[in-house]
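Chain naming follows the written order as A, B, C and D, and within any one chain the residues start at number 1.
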Amino acid sequence: MYKISLDNINSLFAAIAESKELFLPVKKAGQANYANWTEDCEVALDSLKTVKSPKDAFFPQFETLYKVNRKIIPTDASEEEGSETLVETKLRTKLEITPTELKDKDFVVFGMKSCDVKGIEALDKVFLTDPVDNFYKARREHGIIVALACHEPEESCFCTVFGVDPADPSKAKADVATWIVDGELYWKAISEKGEELTKSVASLLSDAADDAADAEISNITNIMTKLPNTKLSLEGWGEGKTDEKFNSEVWNELYKPCLGCGTCTFVCPTCQCYDIKDYSTKDGIQRYRCWDSCMYSDFTLMAGGQNRTSQVQRFRQRFMHKLVYFPDRYGMYSCVGCGRCVDKCPQSLNVVKVIKAFENEKKEAGANV
Amino acid sequence: MQGLIDRLSALLSDGTVARVLGWKKGDMPYNPEPHMFETAESLKDFVYDGFCGANLSKMMIEASKLEGKTAVCLKPCDSYSFNQLIREHRVDRENAYIIGVGCRGKLDIDKARANGIKGIEEVSGTELDGPDSVSFKTIYGDKEMSYSDLLLGRCHVCKGKEHMIYDELWGESKDTADSERFDEVKALEAMSPAERFEFFKKELSKCIRCNACRNVCPACSCRKCAFDNNNFDSQQKANVDSFEEKMFHIIRAFHVAGRCTDCGECSRVCPEGIPLHLFNRKFIKDIDELYGEFQAGKDPEAQSPLTDYTFEDCEPGIVAERSNG
Amino acid sequence: MPMTENGEFRPLIVAFCCNWCSYAGADLAGSSRLSYPADVKIIRVPCSGRVNPMFILRAFERGADGVIICGCHPGDCHYTSGNYFARRRMTLLFSMLDYIGVENGRTRVEWVSAAEGAKFSATMNEFVEKIKSLGENVRLGDLRCKD
Amino acid sequence: MQRIGVFVCHCGTNIAATVDVKKVVELVRFEPGVVHAEDYPYMCSEVGQQKIAEAIKEKQLTGVVVCSCSPRMHEATFRNCAEKAGLNPYMVEVANIREHCSWIHKDMEEATKKAVILARAAIAKVNLNTPLQAGESPVVKRALVIGGGIAGIQTAIDIAEAGYKVDIVEKTPSIGGRMSQLDKTFPTLDCSSCILTPKMVEVSTHPNITIHTYSEVDKVSGFVGNFTVDIKKKARSVDLDKCTGCGVCQQKCPMKKVPNEFNRELNTRSAIYTPFAQAVPNVPVIDREHCLMFKTGKCGVCSKVCQAGAVDYEQQDEIITEKYGAIVVATGFDIIKLDKYDEYAYSQSPDVITSLELERIMNAAGPTNGHLERMSDHKPPKNMVFIQCVGSRCADHRGKSYCSKICCMYTAKHAMLIRDKYPDVNVTVFYIDVRTPGKNFDEFYRRAVEQYHVNYIKGQVGKVAPQPDGSLLVQGVDLIDNKQIVMNADMVVLAAAIEPNPDIRKIATMLTASIDTNNFLTEAHAKLRPVESPTAGIFLSGVTQGPKDIPETVSQAGAAAVKVIGLLAKDKLKTNPCTAKCDVMMCNGCSTCANVCPYGAITYEDQEVRGPGVREVRRVAQVNVALCQGCGACTGACPSGAMDLQGFSNRQLISEVDAICR
């Protein structure tokens, strides 16, 4: 275990940024989001939850996949086509395809909370199983995660429901675990990549005992038990529950306030749906992918229409996917209990309300028997 | 509140209305959700307090199509939106029974959070006839804030306590305006173009294109938004380049210009806290100054300034004249 | 930045001209040989009221340095009232662009009748000069379009 | 994907001298959709059109772009050509590389580059064009002529003679117009009313012509072939049918101090009056502004003396609504106000008069019964000075930039008539140039100089100063002898510029006819369509289009009539298929578009809408294509883009923007 004073933390950031891109919570116009560190940025390590999760670091909201450009180039006489036209041309067109290069440099994501690290695990299931997404894979290989314990969790947090330990990031699949206690950042490498990173900044770190972090761990663990949503039961969800849940009447009531916006999707650390589009530029196109939301009315729009035509279907899809289909396919929930949707839904709908609504249904059904 | 619940119950029971559109208790003390109550019994979960900020008028577009009347609880500012929707033939006045509910300003939980209040377990003092301060019981200790410090930004420029349309009224309203409606816009206008550009760039670069502002907006009631259909080749989903956010928000504000009632829902719901009302309010200010004062939703018969004209209207060159002094 | 060989900035200017007055005015400028820079490219629309704000932002997105809308004089609209609506729409749109910090000289509306070839040419010369003095449009515009 | 052919015209050297046509052809071949590109010296020629037709057939073209002159010139030509070759005419677009490119740029490289960009925009548009079918609309076989002067009279007679109904709307109590005020006409010196009166009689008795005098056009709606016009018939206070035209009422009217407009206010008339003896209809009107009955309620003399019982004080203004297939504007002219030219002392001395006032003075029915005399002391003048170009050919903002065209000739006429009748009067004319292009015109002018010894001085008058003895001191320059001239005159006559009737603005706005900076109506084409407005169904007759003398006016009036007859002879017109169209799947039913439609072409109705996941009855917009004129105001009002304009769709215009900004 090492430590560094928060007074000195900027030198740590500078040291990391010297050789690697550094991605960390930065406050801009009043809101904390992950962004590249710059000397004059306002680092917000004290923000419990950034608005968007840090999944952008591995799966950015927007990325160009490749560019296609149409070039007019000279041609030699033997290749000449279209000689039936009145004009003799000595030109022809050629398509030039330039794929975007995969990430080939290490980068550090600093200050990720355990829930968000767990979120990356869910993304891994999707993007690293066949067919592997090369863009994502390259970023995962080069990304170094420095996880940070959640100093004062809030009432919207319920990560423990999904087996996340917000107190002890060393249990997360990160590279370095850190705690902030009394103006000091405690640092513990937990993977090979983490060890290497530690080495590269060793001169800035000093040795520390485990007790400060241990105290923080028990403190946070204790707070978690007091938070209302951590008592949520997942009984009735998970693998094999499709029939039971899909046809429930509860959805028809629950979805009604839903605006069909993408807020929950875009702040969520596990949502992984994307769309691929073309953007026409000067003499070609850029093919890019961007996050999509299953809540949008044009999600998976095809020539023949959509497979989900109503908001209730779209609403059900999002939660069924997180709580039933994903466990069915990958053996884990696609919710990590970060509580961002709890904080951000304009209509105060969220995954907790969904789970509770089904609990109530069960209770009511039980009472009727 | 019990009085309101009793009245709504009676309306449901005597068949005046088939359902009630109101707010349902949330799982947190501060997050009630809009809800359609179909039975008198279900009204046990009805809530109306300082956190019921959501403007329910847009939900009446769908509710209008249902069999029977819908009782809808509208705050004074929501009633403007409802009127505007009548003007645009989007809601059916005959299918609505409007309970004009009193309002003493609506609360913004983020104001509490910004004040360091977290781990909230209970909140008290938010009811319509409650005290001037709100108490928070949190796992990190008890906190208190004054009601007015917790108000949503829009309530500081409240349009007044009068309902523009209603069938019956419930509860006392309070005009919570304590600053000038156009002060924020004026402050921006006073900046240099470069400063304004930096301001909007900073704010808009946060936009994640979640469309919450659009989807909550009672004026943005298009079946298929110009940004979701292909007619302008503008189908976009991501924050791809900073231009797209500008384009989206300018056009969105333009499309609702002359129709926007300044209900402030866009700013309330923005997950990134972008002060989107600054776009709409700029248009309102310009319209007031250039074409005469106009408040959308005040009168459902009034012609919108953008579908109207006079021979003597100012020329577009006035923009440069005003801006360059 | 679009430059000629001698390093002079050549702006890209899109002009929307109504078919009845301004497009004809531009034709008259042409037949009278009243020149204006080739930087101006004209798009024919039936009426200034046809110009959607989307078109203007689109032009800026794609790298236009200035956009000008020309229509019949107030009172002379071939369709009675199209230019009146255009006038209000453009006033508000331009004001908004100014508000977000885009130089207000980049947008302009001018009423040019079919008989005003000289005015058309003079307006375009003046507008091109204005845009040249403002330089390249960097505050609007999508970077991808530079590729 | 379209199969587009691009045809680049040299227009002789008009285009080819500044645009490298071959290079344009070479480069457009690589634009998306282009399968054929060629150039030809004259695309609009028969051979050129043949090339387009052949390519359409041989290459199975689905779209055509012609890079040539303005589409306002030859779009119709190329569309017809395409249609004959089996291609929908609306699959043709024109890139204007002449007026908008070759004619205004000098640098070949620059012009070529621009031509390619303009071609690219047109190609991008055609890629999104869809075949459109023109609809049909019926033609109302009746014409309206606004203005009852010689232009309106001639047009009406010619149309009526072809067998169509014509209505004339005249603002004043009688038809006849400016010509009825004239004494003699150049160059033949025949009496104006002698040649006009038979025409007036003819028009008033023609079975196909209805005259609405003392009436104004109040409202116009509709479009070519089908205009609906509200005509306001002002209360005449005299029953047209009962009145016998005996004139007793005018003699007995106690109010005789009303300025006489017909005599340019040089004398007065009664409150109940006919403007002049030959008035048609010969029925007086009561000028309610001056009539004692209307002012004080006490009089009623005219009613008492009228044996026919025609006087009706209770008569009200009446609006009649009529449908027309065509409208002719013949609103004529007036002379400018002279308040900006006070150096000529027009406002200071009654002996400084305008030429039109001189016409009335010279006329036997005028204020002086035809005797030439000074208006101040009624003495015959000895020295007269005529000043030309007062307000015409004026460089500054006081007057008009144009030549009023008729002044040189009528001044020669006046000078000659005066010298003929009063040989002892000295006549001096100050002129800038004497312009006499017209049959027998120069001969006429030379007679004035040579035979009648009128003193012509090339030069301008700087000042006319009234002297205490009642004479006028005229200070001018003689540019030929290069000397200052100071002379005394008893009368000074100003050749004031003519300008379109001030009512024309209001009328043009109602008709949506375009107007130039001088308030003359614009022609559809200055040379080839001089009697048509760019607004279909509106025709121009007389000085409303530009300064003219009587023979020119009459010729143009006839030409306008021919155009009207050509239109009315058709049973149906092809309508512009570039109309608005509503995508009901997206329509919100908000009515915003209907609020901006100037034609009332958009209505809303409940309609069943079906689509993926949708099947419901909704309130949606419907466009009546017979009424829609394709302005597109609705498309700018529609937030979602449900309302679009065919032929100028959102996607098409955006693709043009993109092509230009590439």
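In this section, a residue touches a chain if its C-beta (ideal position, glycine included) is under 8 Å from a C-beta of that chain, and two chains touch if they have at least 3 such contacts.
In this text the structure is predicted, and so the values were computed from the model without any measurement.
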Identifier of the chain whose CA centre is least distant from the whole-structure CA centre: C
Selected interface, A-D versus A-B, where C-beta contact pairs are more numerous: A-B
Longest centre-to-centre distance from subunit B, chain (CA-based): D
Separation of subunit C from subunit D, taking each centre as the mean of its C-alpha atoms, in whole Å: 29
Computed distance of Cα centres, subunit D from subunit A, in Å: 69
Chain centre separation in whole Å, for subunit C relative to subunit A (CA means): 44
Of all residues in subunit D, the ones touching two or more other chains: 596, 637, 650, 654, 658, 662
In subunit A, residues with contacts to at least two other chains: 279, 282
Sites on subunit C at which at least two other chains make contact: 52-54, 58, 75, 81, 85, 89, 144-145
Chain contact graph, described as a line, ring, star, complete graph or other shape: complete
Of subunit A, residues touching subunit B in the complex: 28-31, 33, 48, 51-52, 61-62, 152-156, 223, 226-229, 256-257, 259-263, 265-267, 275, 277, 279, 288, 290-293, 296-298, 342, 344, 346-349, 352-353, 356
For the subunit D and subunit C complex, residues of the former touching the latter: 70-73, 96, 98-101, 103-107, 110-111, 113-114, 117-118, 121, 505, 508-509, 512, 514-517, 522, 534-535, 578, 596, 598, 629-633, 635-637, 645, 648, 650, 653-654, 656-658, 660-662
Residue ranges of subunit C in contact with subunit B within the complex: 52-54, 57-58, 60-61, 74-75, 81, 84-85, 87-105, 107-109, 139-144
Of subunit D, residues touching subunit A in the complex: 22, 25-27, 29-30, 36-39, 611-614, 658, 662
Partner subunit A, residues of subunit B touching it in the complex: 26-28, 31-36, 54, 59, 118-121, 138-140, 202-203, 205-206, 208-212, 214-216, 224, 228, 235-240, 268-269, 271-274
